[in-house]
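Supplied in structure tokens, the structure appears directly below.
Naming follows writing order (A, B, C, D, E and F), and every chain is counted from residue 1.
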Amino acid sequence: MSIWPVLKDEELSPRAAAVFADIKAVRKTDFINNFWRVLASDPALLARTWDSLKQVMAPGALDPQVKEMLYVAVSIANGCEYCIRSHTAAARAKGMSEAQLGELLAVVGMASETNRLATGLQVPVDEAFLPDPKTD
Amino acid sequence: MSIWPVLKDEELSPRAAAVFADIKAVRKTDFINNFWRVLASDPALLARTWDSLKQVMAPGALDPQVKEMLYVAVSIANGCEYCIRSHTAAARAKGMSEAQLGELLAVVGMASETNRLATGLQVPVDEAFLPDPKTD
Amino acid sequence: MSIWPVLKDEELSPRAAAVFADIKAVRKTDFINNFWRVLASDPALLARTWDSLKQVMAPGALDPQVKEMLYVAVSIANGCEYCIRSHTAAARAKGMSEAQLGELLAVVGMASETNRLATGLQVPVDEAFLPDPKTD
Amino acid sequence: MSIWPVLKDEELSPRAAAVFADIKAVRKTDFINNFWRVLASDPALLARTWDSLKQVMAPGALDPQVKEMLYVAVSIANGCEYCIRSHTAAARAKGMSEAQLGELLAVVGMASETNRLATGLQVPVDEAFLPDPKTD
Amino acid sequence: MSIWPVLKDEELSPRAAAVFADIKAVRKTDFINNFWRVLASDPALLARTWDSLKQVMAPGALDPQVKEMLYVAVSIANGCEYCIRSHTAAARAKGMSEAQLGELLAVVGMASETNRLATGLQVPVDEAFLPDPKTD
Amino acid sequence: MSIWPVLKDEELSPRAAAVFADIKAVRKTDFINNFWRVLASDPALLARTWDSLKQVMAPGALDPQVKEMLYVAVSIANGCEYCIRSHTAAARAKGMSEAQLGELLAVVGMASETNRLATGLQVPVDEAFLPDPKTD
């Protein structure tokens, strides 16, 4: 039971329906997941969010599967179950193997462990990791 | 000024010195960054952390550059400056371009935005994203 | 199933019952939500938490509806489902419209996105945003 | 020292310069803060981020000062110093008094405290806070 | 440079001065750290925060050193440098050894790692860890 | 329904079965909780995680009950339900009373509140809390 209802196709405003049509066209599927159906109660929020996501996840300098894995990693760190499940499914659909998921989880866990150690000890940044001030 | 001192080579216990020797051998460099020099005050913590990191970041099903980028993404989500700077440097050393860093940041930002929307609206997980209970 | 039981009125200690009476008087309702019923197993924790909340949420320089919206925003960022649901209900009871909720969510999402970008890039604070050292 | 340089006006690409011109026009000021000057190294990221922020922070159902205060609250919860300082400055410029900032901080602190109590005790959501399933 | 000034003794309002007098009496020291000097600009926030802290950190079912170590652990997880440094100092003053700090850090790191693994894999809670519904 | 299945004993690989045997021997119980049964799909991740946990939670400078309470506190701050429930059960099994749990929760809540106040006000660290640079 979400805060806003999970809208069915026949309950959409014209602006929300247009966004759904674009999601279907870009993703080449008729399946619209609940995230968009809940956002659809606020068409301006729906439209802006989809527009941004479409740009960010489009093919570019990074492989689409890598982008989905980064999305999963951040969603774990932020503790969002919906996002973990939906983007794990998306990453698998883009070719992520279970062995790759295992390594992703290992990196996320390890990074969280060393993040806390570095923060807890207030480790000073090495000069070697700072940009050259002459070029900044 | 860290909570524990940044130990110099001549201040190391024999156990910590042995870990440093392994870091240098595995990484093929004489440079030991401050994270390890601060951990060195607790040789057991140093040894276990390095042993885990060595296993997790070793070549496997994921590309080493991808692993470093996942590390950066999690470090941003966890808010650890030291880790962001050191692993951004490591990812660049493994070939990450500035265009790839830009896309990584875009995914981290976008994921954080949609994580909050899904959480704030308590979006229910789609059946399609759940594992098949028959095989679970 | 909570870690501590959801206490019924007849299960309360005298000290917890007195806190419940104050909650009912201040809120002008007989409804006591589960948060307080679970805290009631530790009357000192219950009493101190209610006392603080009563002071913080009382009318002051900020509108009560604005305070509830700030509460919702922080609860989303901290990932607390109970708090998101209870304070969204409270904000609606104090007049928050669905259009206002949509804008609240948009700000929470956008802030989370730019928070990660500023952190990921380690943007230096502008002089213009720092307090005047002469008056500090 | 940021991960990417703080670009000066004469170092901007034409696309970044166009975004800066729009920021100046919308904000009615010649001051461009470092966040945008650092993002400017990736004009696509700069343009999309500014475009979203402009929409989200525009006048709407919520008062602009309230939006800035929500931004500050989320930035505190996410631990972003840059964002806390820049949006506290923006909220003050839009009329936030120090008494209002004090109450904002009190709500953010209180919400974080009760968020942890509700999570730590795994308090079950009250039926009264759930949407009516008949209308969902 | 804090958002509010670090007030000197001669700049305090009478209400803030009274809180400082109580801090000195309870802690048996003349040293007032910056956290309270900054909060002093909002005497109501100062008074309520000190009153809560005094109750929470008072001797009780838990050892004062253990309370300070829990404070440090939470401050690391929340990423608050000021709080890590001040409560690490307080824990040392209450007898925490460097070996104990090392084990504290190891637990914080390990917990953060397994937290992410359990969240990333969405591990279902074992029946054995749930309260007995008959007694709830 | 977890992302990976909850493996039964007869579904384990030989390497995972060996880890389970060690868990049973160290913990002196035949009960293996779901966390390990889900990790078992990736025997390398299972083995490394158990090996680390065994070292971190072994008797040392800190009392085992204190270690479990630190684990609970961090799990609350990180928002991991599974971890909160399993380590609260473990802490109780090691002697944590309900009064001690109440104080633990009070410290976690209070620390989260003051963490946000210190971060929101950007309180500068007192000289007294910094290590002596001469010895660093």
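Following the convention adopted for this analysis, a contact is a pair of C-beta atoms (placed from the backbone, for glycine too) under 8 Å apart; a residue touches a chain by one contact, two chains touch by 3 or more.
Bear in mind that the values here come from a model prediction, so they are computed numbers and not experimental data.
Peer 1: Counting one step per pair of touching chains, how few steps separate subunit B from subunit E?
Peer 2: Each step joins two touching chains, and the minimum needed here is 1.
Peer 1: With a step meaning a move to a chain it touches, how many steps does the shortest path from subunit D to subunit E take?
Peer 2: 1
Peer 1: Keeping to the contact definition above, tell me which chains border both subunit C and subunit E.
Peer 2: For subunit C paired with subunit E, the chains in contact with each are A, B, D, F, in label order.
Peer 1: Counting a repeat as over half of the contact pairs in common, which of C-E, C-D or D-E repeats B-E?
Peer 2: Duplicate interface of B-E: D-E.
Peer 1: Which of the two pairs, C-F or B-C, is linked by more C-beta contacts?
Peer 2: Contact tally favours B-C.
Peer 1: Between copies subunit C and subunit D, are the contact residues mostly the same numbers or mostly different, with half as the line?
Peer 2: Same: most residue numbers at the subunit C-subunit D interface appear in both copies.
Peer 1: Go ahead and note the Å separation of the Cα centroids belonging to subunit B and subunit D.
Peer 2: Those two chain centres are 27 Å apart.
Peer 1: Could you state the distance in Å from the CA-based centre of subunit A to that of subunit B?
Peer 2: Whole-Å distance between the two chain centres: 19.
Peer 1: Which subunit C residues sit where two or more other chains touch them?
Peer 2: Those would be 1-4, 6, 44-45, 48-49, 52, 55-56, 76-81, 84-85, 88, 99, 102, 105-106, 108-110, 112-117, 119-122, 130.
Peer 1: Going by the touch rule set out above, what shape does the chain contact graph take here: line, ring, star, complete or other?
Peer 2: complete
Peer 1: Spell out the residues on subunit B that touch subunit F in their complex, using ranges where they run on.
Peer 2: Listed in rising order, the residues of subunit B that touch subunit F are 1-3, 5-6, 44, 48, 52, 55-56, 130-131, 133, 135-136.
Peer 1: Of all residues in subunit B, which touch subunit C in the complex?
Peer 2: Against subunit C, subunit B makes touches at 72, 76-77, 79, 81, 84-85, 105, 108-110, 112-117, 119-122.
Peer 1: Sort out for me which residues of subunit B touch subunit D in the complex.
Peer 2: Going by the criterion above, the answer is residues 79, 84-85, 88, 98-99, 101-102, 105-106, 109.
Peer 1: Tell me, which parts of subunit C touch subunit F in their complex?
Peer 2: Touch residues, subunit C against subunit F: 3-4, 41-42, 44-45, 48-49, 78-80.
Peer 1: In the complex, go through subunit D and note every residue touching subunit C.
Peer 2: Residues 1-4, 6, 31, 33-35, 38-39, 45, 49, 52-53, 55-57, 60-62, 66-67, 69-71, 73-83, 85-89, 97, 99-100, 102-104, 106-108, 110-126, 128-130.
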